[in-house]
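Chain nomenclature is as follows: A, B, C, D and E, assigned in order of appearance, with residue numbering initiated at 1 for each chain independently.
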């Protein structure tokens, strides 16, 4: 007669190994050197944090109209508050700023469904975001038709310009990057060599020389009289530069597609372009979304370099404001504010890309 | 079976227009023609434009006198030097800041990267905060911050921070004493060389002895002792043949010694801190890429944590770390061109800046500048490929 | 090498129409001679099983038939069209020849239905509705119509392989090639895939199948081909092949494989 | 010429200006540009297009300005650029005249106790890169056998910030700019301009070489401004003067003769300039002279009739 | 829990010397009670097989023996040394206990020979020549001396696992732990590894082996331990265990595993 085994009950773990005490013992004071490190880190924090908080929050002045209102001895956020519109929109006419808000509002509304897993039409929506939306945003920003007042690109500035540069840069660099990546993996030696040369050239030179070239030298390469907008020229430089990086990201994705996929497509009778468009690229691009987001973050930070060629992106407009005699001496506030804006954008994007990465490679946890 | 299968009839030849090889060939010819035509178009436009506007062309300008001053020069340079010389000066300054930056960023990056994996929660979190803070803020902004905000906090030359009357820190930079070698110093130098050779010899001997007998020997301590001790002995024996040129306040500024200008320090700090954040992530990923099983296997064999790290984890992690690490080095070198924003006299600032402006020969100057960066990046990629070829794990 | 067409298995008719003809085919990978003087005629409706040790060139042989690999000398004629570099010919032949791989190679970003409808839609240029109709029809035939809207990653190995078969069938091919279709499967799934293949064989499809499932070979094959070192060593009707192998190499191989 | 046609066709003048030197060219927080250099651009636009506001500004650093002009990025450069032989002859550009006679000087902090440039041996000097100042400075210190350390910045804003932070003892630039930059200090009275002027700095608008018609337009716009002052025409009285009898005035304002048409413009070109921008004297006073925070004396920039150097060929 | 030492299998002697003793060992992962009141004595020369459903704590149990995991209460004494936080004790025990993992965990950057010589060289501090000599000796014992200069990546799974065994043996351990050494292997390779293990067992090595190879258990084990839910449910000599399991959980488990 088989015995029926009565399982032992689960017992709670000994108190020393769980709870706050267990956690601290394991994570902070597990050994002598560890304890020393913990104390050192705490000392460091104590040295840094309280004064920083004191300066940025407790002693700070938040509102007012001029530097006279800054009496607290801490940060003078009045500076940021007074100039806030300019930091966001540059010289964009205030009466027209609703257009910018509308365009970005639309972008946010359109992006939200992409984060909803159950949403079925992600492909179409992404396509619209990449192809349709830029056209709409362009007309909204620039105006000049459909009864909207024309706002020339040299009036765009601040965060608006930063976002335009980064957004257009990445969207336009993607298709070029895809073509370059395909070229680099091509069987045709010349196509391959040209793609490699192009990619390595743009990856090898600093962005500021590229920007310098596109902003002041480009007309030298074109027939006399052919000339276009300064913003557009900066964008061309950025796009060339970015597409080289994008090509390498996409190539990573292409390499990850197993050979069997190509063979299955060939066996079904699909030709090169259909294989790429229907089978390989949809998979490869999905794989490299985190990489694309990372490139975007890099680009977003790099847009600050346009200040060297005289476009007024967020950093440049802050510098402009810092040179205003009325606000001399507030550079720390200005830089901290800019840093905070960039940081929020970049940090949230990098978090997003990490989350995606984790979703893509499930498993392989240490 | 046929004697030589190659004599068998080949598959029939397809018609020319359906042969993929020929199609590929035609396509490539078209591309080459299109690209060359486009290239020629640009080239031709440029020539026409230059000619029409009467802009001088050619590299003759490199021999004319530059007649402007540069604050930091690693080779001899004066206002009477040529523009060609400004190129060298700029290039060396770029290499200096990149080289130092790479060293510092690597050091800091490894420390932070390892700290992120620390079992100490607080240290790990602080390291993570460091990485998230610095890699998400534009480098240019960081350079401005270190330059303008920190510069303001330093005292004027008259109120310099003074370390023992030898090292001074103020707004104008960090002033270090400059060693002046007197005749007998050659012996000290010889002793140093001898000590280095000696410790290399000891290291080899220790390795041999370990292989022969299994006994281990702490090479590091002996080497340090040797390298420090022997020159010191020689130094004392020859009657201390070294004088120091101390920086001293003369007129407005400190004169003498080795000055480190604040532009260099700010750029260096910004570049290192920024790049270190990326390197830390690379190091962390590299270590994590070595599976837990490797550590366990090493522990199960009785290897101590230190040996496990040295013999098992690091050699494997380095394979993963080195390729992205070099591309960070490349980025750092390229980013050093932001020097121009705070006036550190690097290649872009001196040559593609002042020289370009004084001579107006944008095409030549920019081409040379880009050429330098391209060469650096090519050299680094070649080294990288060579390393990868050597180090890839052997697979079936 | 003697070539015989076996008409042994009852209930399956083989016409005299030649579907595939390989004449003195040789192939090299670099310096490595992987196919040596292959001569093979396959008639319409024939079901051929190829076996042989690993590395003997079985996969290479069948991959030459739809030009996934290129042969260097000799001729391969499929359904009257010679395989040359001519892309028109290749396109035509690939439309006639379906192929099923060991690793399934389904497209993971498409649903099962989309996988199956892809080729009819883009190669045969059918309207979407017709393509999906055909796809459903074949999914029913491999007995998984209910999985049509799932993604391949959500299916078991056996189900995936059946989808792969349905996907090939959707092009309505005259010939089906199978390259070890069951060897990546867990034992319990092998049977469901073999069942589908047997059903297909019974419907009179011309099939070439690389497999080590000897039960399958005995049940459906007209002819078993044994390869080694890039050559066809022996070919015969299954009963003959298993009971009375001619060459020593075949004997050795059979002893290993049947013991296992 | 091509430039004039393209300007007319575009409907605006693309004018290169500085990234911000008060009194010469600087933008306020709404992005409106003002300054004596800006007024030259406006005058050209008034002459060519009849609308002084038909100008688009390209802010340029000293480093970029000549390349931008050479490449055709801008139609004209009006950005305190010194007229030198090399620039005029080998860079493919032409100087059209002088709208401001300047000389290089030094700005020092008062508490340094320096009274003369000759006491500056060993000083750190803040300069803007890519300027003639960089070259003059070297020459001056070499000639006087003094040492210096150049601290080079990209824009004038950075230069003055560097000076204010104490990165250097002296800031050197054209005297006019020194005054302009001084008002950017938190306490402008803490710094003083030394008396020495170490160079000639004739500043003026520049155009590309090879387009004589456009060259003439810009050159004569400048002359029209000076002539208008000499003739006593101001923006306030120009409508009245136009109907007057002085033949010199009538020729200038286009009620007599076809000078404007001969240049490819309309005859009321100078009228538009004076009406919309004012004469040279108005321009000067408004932007840099007594009516401005800079408060610079006319000095060399007075009319030749008042002992200055501003002299324009007659319109006839 | 009744503890019996079976002396059933002929030709292998078990001394009375205790090699491993676990007394009332408990372990938690966070709140999760993974080992419950484990009491186990292993004598010198005993060969123990542990089986049980997935997640029952088998791996955790044997990983506690060489302190790859830390237990929280109870005592573990290995060869007379108690396992505590004391680093000297841990080092000593790890030198006595060899371990073979499911995933081999060979060092991919070292050759097979270097893998095996690593521990003798750095832990036992032997001269390289001796270390390599020992390594070759054990490579011969696992029958792959000819692979000594290859890298692990160049070997088949079975060969890799044999190298892993040789590597552990090079430390000349008194006890060997095996954690499912064959479950990552293809069927044809399982046998070659089991053969090596059987040979090892016959030489009188004290072994604890987590495995589901019941044939192996029957051949070499003195005792089979069945675990479930973190407890030792049953332990017995193999014949008894398989033919006459006591608890119904064991029965259920055996019925599943033997059907398969």
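Quick note on the criterion: contacts are C-beta pairs under 8 Å (C-beta built on N, C-alpha and C of every residue); 3 or more make two chains touch, one makes a residue touch a chain.
Quick caveat: nothing in here was measured; it's all calculated off a predicted structure.
The chains in contact with chain B as well as with chain D are A.
Counting C-beta pairs in contact across A-C and across B-E gives the higher total for B-E. When chain centres are defined as mean Cα coordinates, C lies farthest from chain B. Central chain (C-alpha centroid nearest the global protein C-alpha centroid): A. Chain D and chain E have CA centres that are 89 Å apart. Centroids of chain A and chain E (each the mean of its C-alpha atoms) stand 51 Å apart. Each chain gets one centre point, the mean of its Cα atoms, and the points for chain A and chain B are 26 Å apart. Centre-to-centre separation of chain B and chain C, using mean CA positions: 57 Å. For chain B, residues that reach two or more other chains under the stated contact definition are 49-50, 52, 148, 152, 291, 340-341, 362. For chain D, the set of residues touching two or more other chains reads 67, 70-72, 154, 161.
Under the contact rule defined at the top, the touching pairs of chains are A-B, A-C, A-D, A-E, B-C, B-D, B-E.
On the side of chain D, the complex with chain A involves touching residues 2, 6, 19-20, 27, 29-31, 56-61, 64, 67-68, 70-73, 154, 157, 160-161, 164, 183-186.
Of all the residues in chain B, the ones that touch chain A in their complex are 24, 27-28, 31-32, 35, 42, 45-46, 48-50, 52, 118-123, 126, 132-133, 135-141, 144-145, 148-149, 152, 288, 291-292, 330, 334-335, 337-338, 340-341, 348, 352, 362-363, 366, 369-370, 373-374, 376-378, 381.
Of all residues in chain A, those touching chain D in their complex are 83, 86, 90-91, 152, 154-155, 157, 212, 215-220, 224-225, 227, 230, 308-310, 319-325, 328-329, 331. Residues 49-50, 52-56, 67-71, 79, 148, 151-152, 156, 171-172, 250-253, 255, 262-263, 340-343, 345, 349, 353-354, 356-358, 360, 362 of chain B touch chain D in their complex.
The residues of chain C lying in touch with chain B in their complex are 24, 26, 36-37, 71-76, 82-89.
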